[in-house]
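Common to both upcoming complexes is subunit A, partnered first by subunit B, then by subunit C.
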Partner chain A sequence: MRLSDFSKDIEKNVDLSVSKLNDAQKKLNAIVTMIEPDEQIKEVKEKDPALPLYGIPVAIKDNITTKNIRTTASSRILDNYVPVYDATVIKKLKEAGAVMVAKTSMDELGMGGTNLNAYTGKVNNPYDVKRISGGSSGGSAALVAQGVVPVALGTDTGDSIRKPAAYCGVVGFKPTYGRISRYGVIPYASSLDHVGYFTTNIVDAARMLSILAGRDDHDMTSSYEPVDDYEKKLNSDIKGKKIAVLENVMSSIQDERIIQNFNELVEKLEKRGAIVERIQLDDALLQTLLPVYLIIANAEACANHSNLDGVRFGMREEGKDLEEIMINSRTKGFSSAVRKRFVLGSYSLFVENQDKLFRKAQKVRRVIVNEFKKVLDEYDCVMASAASTIAPHPEESVGEKMSDTYLVAENFMVLGNMSGYPSLTLPSGFVEGCPIGINVTAKAFDEQTLLNICKAVEEETGLENVTVEVQR
Partner chain B sequence: MNYETIIGIEIHCELNTNTKMFSAAPVRFKEAPNSCTNEIDLGMPGTLPCLNIHAVELALRACMGTHCEIDPLVKFDRKNYYYSDLPKGFQITQQFHPIGKNGYLNIQTKDGMKKIRLNRIHMEEDTAKQFHTSSGSLVDFNRAGTPLIEIVSEPDMRSGEEAAAYVEELKNMLYYLGVSDCKMEEGSMRCDVNISLRPVGSDKFGTKTEIKNLNSISNVQKAVDYETQRQKELLENGGVVEQETRRFDEATKTTVLMRKKEGNVDYKFFPEPNIFPILLDESWIESIRNSQPELPSQRKEKYMNDYGLSEYDASTLVQTKELSDFYDEVVSHTKEYKLAANWCMVEMMAVLNKENIAFKDNPCSPHHLAEMIEMMKANEISSKQAKTVFEEIMKGKDPKKVVEEKGMKQISDPNEILKLVTQVLNENPQAILDFKNGKGRAVGALVGAIMKLSHGQANPKLANQILNEELKKR
Partner chain C sequence: MEKFSKEMLKKLANQVMFDLSDEECEELQEEFVTYLKQLDLLNKINTDDVEEMVYPFDTPTSFIRDDEHEYALSQEDAMANVPLKNENYVVVPKVVK
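For the complex of A and B:
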């Protein structure tokens, strides 16, 4: 579904999505809460039909705060939480005329890359329900891939938009850190969290950026950088553009079909006049990505989620005193996977550990980003396959093997979170009937170049507006 | 053995801002519980802090008033602990980079001026207020997120008297600077005192105890005096001081054990990721420095050097900012500095105290008081008349109108007075004879007669002078 496929007939648009929701839910288990759209339809009808998302149905990842609509972040502890305010991105969607139809499943509090760790259970891959959707924004990716909504919001702390986008065969975009306000987004790790979204094509991705980006006084980390009309300026002429292929990633991928798909694409881009060069970062540095990421993310997370104690909101488990209420609520409210991350995070912040774990991880992050920046000082973007395999089955995805493939090929996209640089995954082909994707990362706030290069890629792959319904 | 008392003080001071440290919710006292809150103060998921620039300004003013080095790169950190008065589960504070450090404050002691060094001033947010009742604990989040500065002294004080003088000096200064309303009894300024003893001559510190939440300056002194004595007796009897937190019990005037410190709590401080370091503009800092309100010490100096007031008068005036502000206003309309000081400090304060009128409700306008003083100076009214006029201006009346209504304008025209004198002398030949016979009292009687004849309006000094001249002529 493209945004441009929708008419100005709100009811018809929304009905189309809603009619697909129930079947999609049976197939995918991607939804935490269905949203009754009648009230919103009434409100949108009062608005200007020229609005960029006028009457367009959208889905929202369940860690994005929606006023009067249950927001659980797929965690038991927030199962009964109904926010009193809207996240800034929700306000912007409403102002643009969108109608929210569903809150989507995710790995609990964003912690995970499989969407297996959601309170409502696994999200199925639209192309093969036995396979995973990827996570943590799995529900949003699956609904767009299924053709239920043209746009769904997600968040990305490690690769939580860009990995499920690869597995589900859609466009997943996380703009520069500070480009889109995080106010009202239930965090995982504040210094790594990004808001982004899924679409079926690059034109829509460009339009969505103009709608969602911009300075927000509620988020001190949001940028004053002016917002452009990215859709209007979209230009797929990439002659002379310098593209760096991250060879560390490509050389650690085992699946020849994925490598071949990537190489063929590179050739096509070269034919378009792009200058493609294979570059190599220090492997040792890339192997630190995952541990450094886990230390920083979980340290921030254990503080960020200290507000979830069952006292003021959320699920409360009784106890004989305040401390017991908090302990019981948190013990029962979080899955063991989440509690594990809290323990790791807390451990790395202890005064006796902080220098050798948390502070060291921050320093290594700085070193990694400096190296990555050097590459982008020379090239317009960095490119690699977004995943080393098609979407795995649940049992294949659980073990965190410390292999090169795992450490480098499966985790390199965290470079985009550590640096904050804009990063986008888009479909590049199919293997065994399942989608595969490539990832492109550009300079800070250079979303236009990123989108332009991705538009060229999209033209070469022909995989524009691909959903399960409209397969090529 | 003789012991030396070592005292360091930590003061938490709520800043005088309209809104909270990191949210737009209002800062107000005595409002309905939980009415001055928003999603940020309640620690709702997804909320982010947004720094209150006015709070930074006030913190800078406090730093400037106490001669602190200012760090123009403002950074915040998280202090992590779980408690029901801390909605986010962490407090945003400045652990690693306080906005001010290495300052000092001069205090008056019985041995003269003493310099007390400040270790640091940092910004942070207040917690919610808890009420423990028999049926359970209640939490009011109105206070949660209120901007605070914490001012940490070096262990430079040696007695309860010095501790009290330090708190008083700081309180007065912060109030003058408009940084805080400094109401210790209402908790907007809270004082924790650390005390230890060591043998005189030793350069090592003894084990300290901390007395929490002292709510008045006199209690600071009482608590330190008691605690000094307690520790001294403990040490003299061969005991040891244990590191513990105590509170001051007003009823018994003693300090009472709250909890023993069992190792340090690890607050897992780390930099706040949601607030990037903020580099304050040098010119902004300078504009704040250039608009610093006058400090009490500066005013005192001005009163003594420029206005010629005594040290006692100057101190008394600056002790209460409202009184000093009023006086400054009065002397902007009259140059009779000493007279003005007397009327403000003595007469006006007597009325305000007697009638139990708060300064903000003072019906007397400084301009009116200045006018009255000018009338006295110009001999338009006598000092006796002034007392009557003053009573009226303390009810909010215009002194000119009072004088007019009561017809009490003083006659200071020598020709007018000569007429009065002549008439009185003509009517009292016996008194003239008495005068000639050396009866000095006769003069008094004649003056009285003049005053009576003039309905009290004759300038007594002038009347006396002219009377004496005329008597000699007869």
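For the complex of A and C:
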């Protein structure tokens, strides 16, 4: 579904979406909370029909706070949490005329890449329900892929928008760090967290950026960089644009069909006049992406979530004293997977480990980003296949944990989080009936170039506005 | 893996205010093996004279705000999600005994 497919008839738009939601939920298990739309419809009717999202149904990842609407981050500890304020992105959506219809499932607190670790259970892939949606923004990706909503918000700390976008065959965009305010977003790792979204096409992705971006004094990391009219300036002429193919990633992918799909696309872009060159980063450096990410993310997460204790908000478990209440609430409130990550995080923050682990990881992060920046000083964007496989089955391992396929091809998109550079995944084809995607990353705050190149890619693949419509 | 005994892992968990079951400790012991192997990869990278990267951009926004009241949570809102309360107090077991 495109934004332009919707009329100004708010009730009709919302009814269609809500009727699909119920069917989609049975098939996908993508929703944590359905949102009653009547009040919102009344409010939107008072607004200017020329608003960019007037009467358009949208879905929201469940770690984004919504006033008076339960927000759990797919964690048991927040199962009863009803925020008293809206996140800045929610305010912006409302001001643009959108109607929220669902809060979507995610890996608990954003910690995961499969969406298997959600309190409400696995989210199914719309193309094959036995496969995973990917995560952590899996519910949002699945609903857009299923044609339930044209836009859904997500967040991205490692590749949590861009990986599920690849597995579900939709556009997933994480703009530059600081571009979109994070005020009101339940954090995972503050130095890596980004807000972004899913759409079915690049034109809509461009429109959404103008709506959501901008400085917010409530978020000290948000940027003063001016926001443009990205949709108006969208231009798929990529003649002379320099594209770097990250060869380390492509050479570590085993599936020939994914490599062939990518190479065919590269040829088409060259025919359009783009200059495509294969570049190689230091392998030893790329192999550190995952450990650097894990150390920083787990440590920041452990600190960020110390306020989840069941005392002032959230699910409280009884105990004989305050300490026991906290321990019992956190033991029962967090899944095993999250508690294990917190232990790893806490370990690297120990005084005796800080230099050799946490600070070392922060230093290696700078070395990595400096090398990546050198590439983007020379090229307009960096491109590679977004994943080394189609969406896996839950029991399928992503590969041997120390292999290049796992360390490099499955984790390279974290480069976008470490550097903060804008990064987008869009569909590039199908393998065994399941979608595959490519990932494109550009210079900081140069979202226009990124969107322009992605528009050219979309024109070549012809995979604009592809959804698996719910059968009614 | 002697240093990652169950006791040590449980102590680590308790320091950040939760418990681990014996089974979770065993899983974590295995995960630590992979984790430490991955950490070894970091030591191959020379970081002499490299400053830690704490945030993506070295242009933090700092400003002195006007001394004007803009937004504050009302008492009612602040208490809205408290699991157990008595009037405007959060109720917990007696601390001073």
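Assume the second predicted complex is superposed on the first by the 465 of 472 C-alpha atoms of A that agree within 3 Å, B and C clash if a C-alpha of one lies under 4 Å from a C-alpha of the other, contacts with A are read in each partner's own complex, and residues count from 1 in each chain.
Everything that follows uses one rule, which is that a residue touches a chain if its C-beta (ideal position, glycine included) is under 8 Å from a C-beta of that chain, and two chains touch if they have at least 3 such contacts.
Not measured: the values here are computed from a predicted model.
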| item | value |
| --- | --- |
| Touched partner set for A:319, first subunit B, second subunit C, both or neither | second |
| Partner chain in contact with A:183 - subunit B first, subunit C second, else both or neither | first |
| Which of subunit B and subunit C A:336 touches, first, second, both or neither | second |
| Partner chain(s) touched by A:87 [first = subunit B, second = subunit C, both, neither] | first |
| Touched partner set for A:311, first subunit B, second subunit C, both or neither | both |
| Touched partner set for A:30, first subunit B, second subunit C, both or neither | neither |
| Partner chain(s) touched by A:165 [first = subunit B, second = subunit C, both, neither] | neither |
| Partner chain(s) touched by A:191 [first = subunit B, second = subunit C, both, neither] | both |
| Which partner reaches more residues of subunit A (counting touched residues only), subunit B or subunit C | C |
| Partner chain(s) touched by A:221 [first = subunit B, second = subunit C, both, neither] | both |
| Set of subunit A residues, in rising order, touched by both subunit B and subunit C | 81, 84-85, 191, 217, 220-221, 302, 306, 309, 311-313, 322-323, 326, 346 |
| Residue ranges of subunit C touching subunit A (in the complex, touch as defined) | 9, 12-21, 24, 27-28, 31-32, 34-35, 37-39, 41-47, 50-57, 60-62, 65, 73, 77-78, 80-84, 90, 92-93, 95 |
| Footprint of subunit B on subunit A - complex, ascending | 63-65, 71, 73, 78, 81, 83-85, 87, 182-187, 189-191, 217-221, 299-300, 302-303, 305-309, 311-313, 322-323, 326, 346, 349-351, 354, 358 |
| Subunit C partner contacts - residues on subunit A that touch it in the complex | 80-82, 84-85, 177-178, 191, 217, 220-224, 284-285, 287-288, 290-292, 294-295, 302, 306, 309-316, 319-323, 325-327, 330-331, 334, 336, 339-340, 342-344, 346-347, 357, 359-367, 369, 401-402, 407, 418-420, 444 |
| For the subunit B and subunit A complex, residues of the former touching the latter | 39, 42-51, 78, 80, 82-84, 87-90, 137, 266, 268, 270, 273-276 |
